[in-house]
């Protein structure tokens, strides 16, 4: 069975806050609530990276969280998808020059899809996940 | 509060965090446990540290307004408002009364959204997901209203030095009224679900108690202090913005139950009552809103030039949903401030975790930690905590099995 | 047992395993959709649990560095196998159990413990602190719900022994002679109390809110299952699904063994189909009340409160039920 | 014993869900196939929750009228705008923009604006869509 | 409770501080239509008078400690204790700021945690961020800074002991090296970055 038909239809998600302001975090949680309800896509929040297929990361990655982020990424069983939510994870955003940031996220772990916004609306996050799925399908077509 | 040693014999020591399902934000706790009972508690914040105060000293004041806003993604107006109030006092900029009223309305809407958010998170910590969904479903209406007024759901960017950036025009008022009516309609339902439910009462009554003496000595702020009977509310004590013109009283749990126990349940009461109070405040503001300009210095170039000449020090304060926020700013005839100290509400509330947690059960950690509505990203502005040596995980067990782990389990 | 019987048993077991797994996942899907609707959401498609399983099977199966590998891998298999084996002792609709005559009510009570024990063993073997704390709590929960469960079963066993039927402890006998027809008004009330007890024991057995302290996502990050991934996790989910069917089937067999076909005067094959469908409906009704509704309408208990609820309140409730049933028998 | 949630839940069972079915109520068999069908008009995509007027979304840059005065760079709190000295025009990195809209207010030529577009997720943070100018 | 006016508070604390008292000013700031004023008292003291003044303030009304602010003024460091009295009574709270200057040669200050236990977080922060030595602090561990943070580097200092420039990571520059040149610009000059 193709990966996009199994993995793509049952994305178990792990939220990781690497030192963000919480705005994106809250919007990601809002995406779970009735108005947006990502569970209709088979997406479910899980409590352990071991169960996760999709990693949603927010925040500019503080030095303290950088090794943790790597660890969480390694703990996730393959195959996995990484989506970086919010501009501060993408390029630092307003925290562009600090002495304690190790980011941006794609310097620490590979990122599949970037969702710009400060913070992105819940729909933009859904759109980001869908973009990741489309990317997965395209990769399957090629191979 | 001494460093807790990691021990392999009873009483066991355990660490929770920095990423854990119960904690939406990174902070690390160390507990000394006896079975399921907590003997000692210690905490290490600082995981979300981005060095914002330090960054601020390298930027001009207009940039800092947006940087301050991003100290916290839940209290979007709090930090920018406090910072602007401090700068206005230093540079002697008189904000128009209309702008004061708009600030107040947005601030109170934020309080409604933040308290509903908290109620949802607290319900989720208790495993009560339906209440979480219900609270957040109601909250979406506040978010819609805030987006309608300011242009963004989270970072409103409406506060500017010398006023606000967007006006509340008369054609916006009906929509606000409609939403207020909606909140009043669902308030009773929410209050009944959170206050009458037997399982919530079983979990929250007499759990995580903070006595009035401790609430005085440990200097907590906001609902944490008020739930323990300390009548401290910046909106009432310290006249600012439109609050100076309004009738309001600090909310304490005895207004509903006639007694003050200082437990988690009392904190739920205070927050729920404050939602109702906020609806009333917005009503008063809409009724009394004066006319006038919304910005004291509309031209940004002019404002920057004026701020460059400013000299002096001041403190700007605001009662955030979580409690008092303070910004100390000192200007010295430069573009950037000479000193900028941010005090977030959770910074003051941290100390009250220790007496609340000690003597309680492991199962109560999430709800007690959540009960002060911690905003770790607010508090951790300054810097980061590095790896504290090996992160040793020792979990107590019935059969004397100690497990060491050098990794942490998480959920954001 | 001759060869023909043996083949019947093997085929029957295979069929039961398939039925248990498919029905388990199907009801999981129904549960998720209904819960979503009650929470004002659209919810996942009905087939979502099947997709989840397919996905978990394709995922990497990680054995943590400080786990005991053979135990860690064996636990989910044991859990699933034991859940399926209980299926063999339970009548489904008008289908009599495959192992009729070999096991009885008391055996089922024992067998029900095995999947839970397998989870405990798996949790302890995974070497994670959260899993170990979850394992302790699971054991405490197990001990707690055993009292009301055992009391209920004893009430039934006593009643049927009293009636002087053949093979009184067999579920097939219980199903053939509905309890409600054997008791007077007092016993009726007693049976109602026992039904309430069973409805509340089910979420405890299945590890659902408010009795999900061992898994407590916000406290223990998933508890017992925290270290499991891929195939092993899928096996645990399957065993939970099968166990849900088993438990509700037991409740149905004990309290609602009625069949439609006897009222409709049907020939053999349609009657079996109608009874099968009716059985699925009964399971759905029980599942809705004892799993779906309870788990979203309450907050999670502390472990001490779980013990309190099961030992004090439900224990007392089931004892009252037992006494009522006994008194009822004596005064008749 | 009081469980006020139960009537609320059972009542909700008969009501319509509060969910906004964006982009489709449930995941289509394939995303690419669905997008193609939407493109050809065979399927309709449900819109997101309507945004209010003046929503602060993705930046729009009118390169023609820009005079390179750098005022926007001075107030930008996120270093999302840089001046290209050769052309005396600015270049905007949407993936760094925090949508505060301060630049649109100071721009003397009104060549910076915020649109209401917010579905801008991309696999490359410096793709053509996300670097303006 | 008899409430003192700002000037009366200054007088009382002046008496308690004795010759260590340096200067005081009272400020007011009004917002809103009714123009109710918020009142602040700024008192500058020598460090030896900090605890006596605070003790005297506690006798007036148990103050709420907002935070201890800190400024690097070049030769010396100024600590500001923002205290609030008369909270709970509408519109009558007074902010009392006790400011103490410490020469950089001797950055030590007595702890106030025995008087106000809630000051601990703030004092710990001052130790690590500004390099102040708080005498008799009950818990001197680092609060926000990591244990492996270099000794002798204090983020809030503005001199050589502040953050060295090689510790600062410019996140915004990452990945821009390989960008295609902006419209209308030559590729060779493209590397030019401010």
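Order of writing sets the labels: A, B, C, D and E. Residues in every chain begin at 1.
The rule we apply is simple: contacts are C-beta pairs under 8 Å (C-beta built on N, C-alpha and C of every residue); 3 or more make two chains touch, one makes a residue touch a chain.
Just so it is clear, the model here is predicted, and its values are computed rather than measured.
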Quickly list, by label, the chains bordering both chain A and chain E. B, D
Decide which interface, A-C or B-E, involves more C-beta pairs in contact, and give its chain pair. B-E
Label of the chain whose CA centroid is most distant from the centroid of chain D: C
List the centre-to-centre spacing of chain A and chain D in whole Å, with centres computed as mean CA coordinates. 17
With chain centres defined as C-alpha means, what is the inter-centre distance between chain C and chain D in Å? 48
What whole-number Å value describes the gap between the mean CA coordinates of chain A and chain B? 25
Please compute the C-alpha centroid of chain D, do the same for chain E, then give the distance between them in whole Å. 39
Would you mind listing the residues of chain D that make contact with two or more other chains? 3, 5, 9, 17-19, 21, 25-26, 49, 77-79, 96, 98-100, 125
Shared-contact residues (touching 2 or more other chains) in chain E: 146, 155, 163, 172, 175
What are the residue numbers in chain C that touch two or more other chains? 36, 38-45, 217-218, 221-222, 226, 296-298
Return all touching chain pairs. A-B, A-C, A-D, A-E, B-C, B-D, B-E, C-D, D-E
Provide the residue numbers of chain A that touch chain E in the complex, in ascending order. 60, 63-64, 91-92, 95-99, 101-104, 106-107
Note: in the complex, chain E contacts chain A through residues 146, 155, 163, 167-172, 174-175
In their shared complex, chain A is touched by residues of chain B numbered 18-19, 21, 24-26, 46-52, 54-55, 58, 66-67, 70-74, 76, 117, 120, 132-133, 136-137, 140, 143, 153-155, 375, 377, 380, 383-387, 407-412
Any idea which chain C residues touch chain A in the complex? 32, 36, 39-45, 48, 51-52, 54-55, 58-62, 217-218, 220-222, 225-230, 233
Interfacial residue positions of chain C with respect to chain B in the complex: 38-41, 66, 124, 127-130, 132-133, 136, 139, 209-210, 212-213, 216-219, 221-222, 226, 296-305
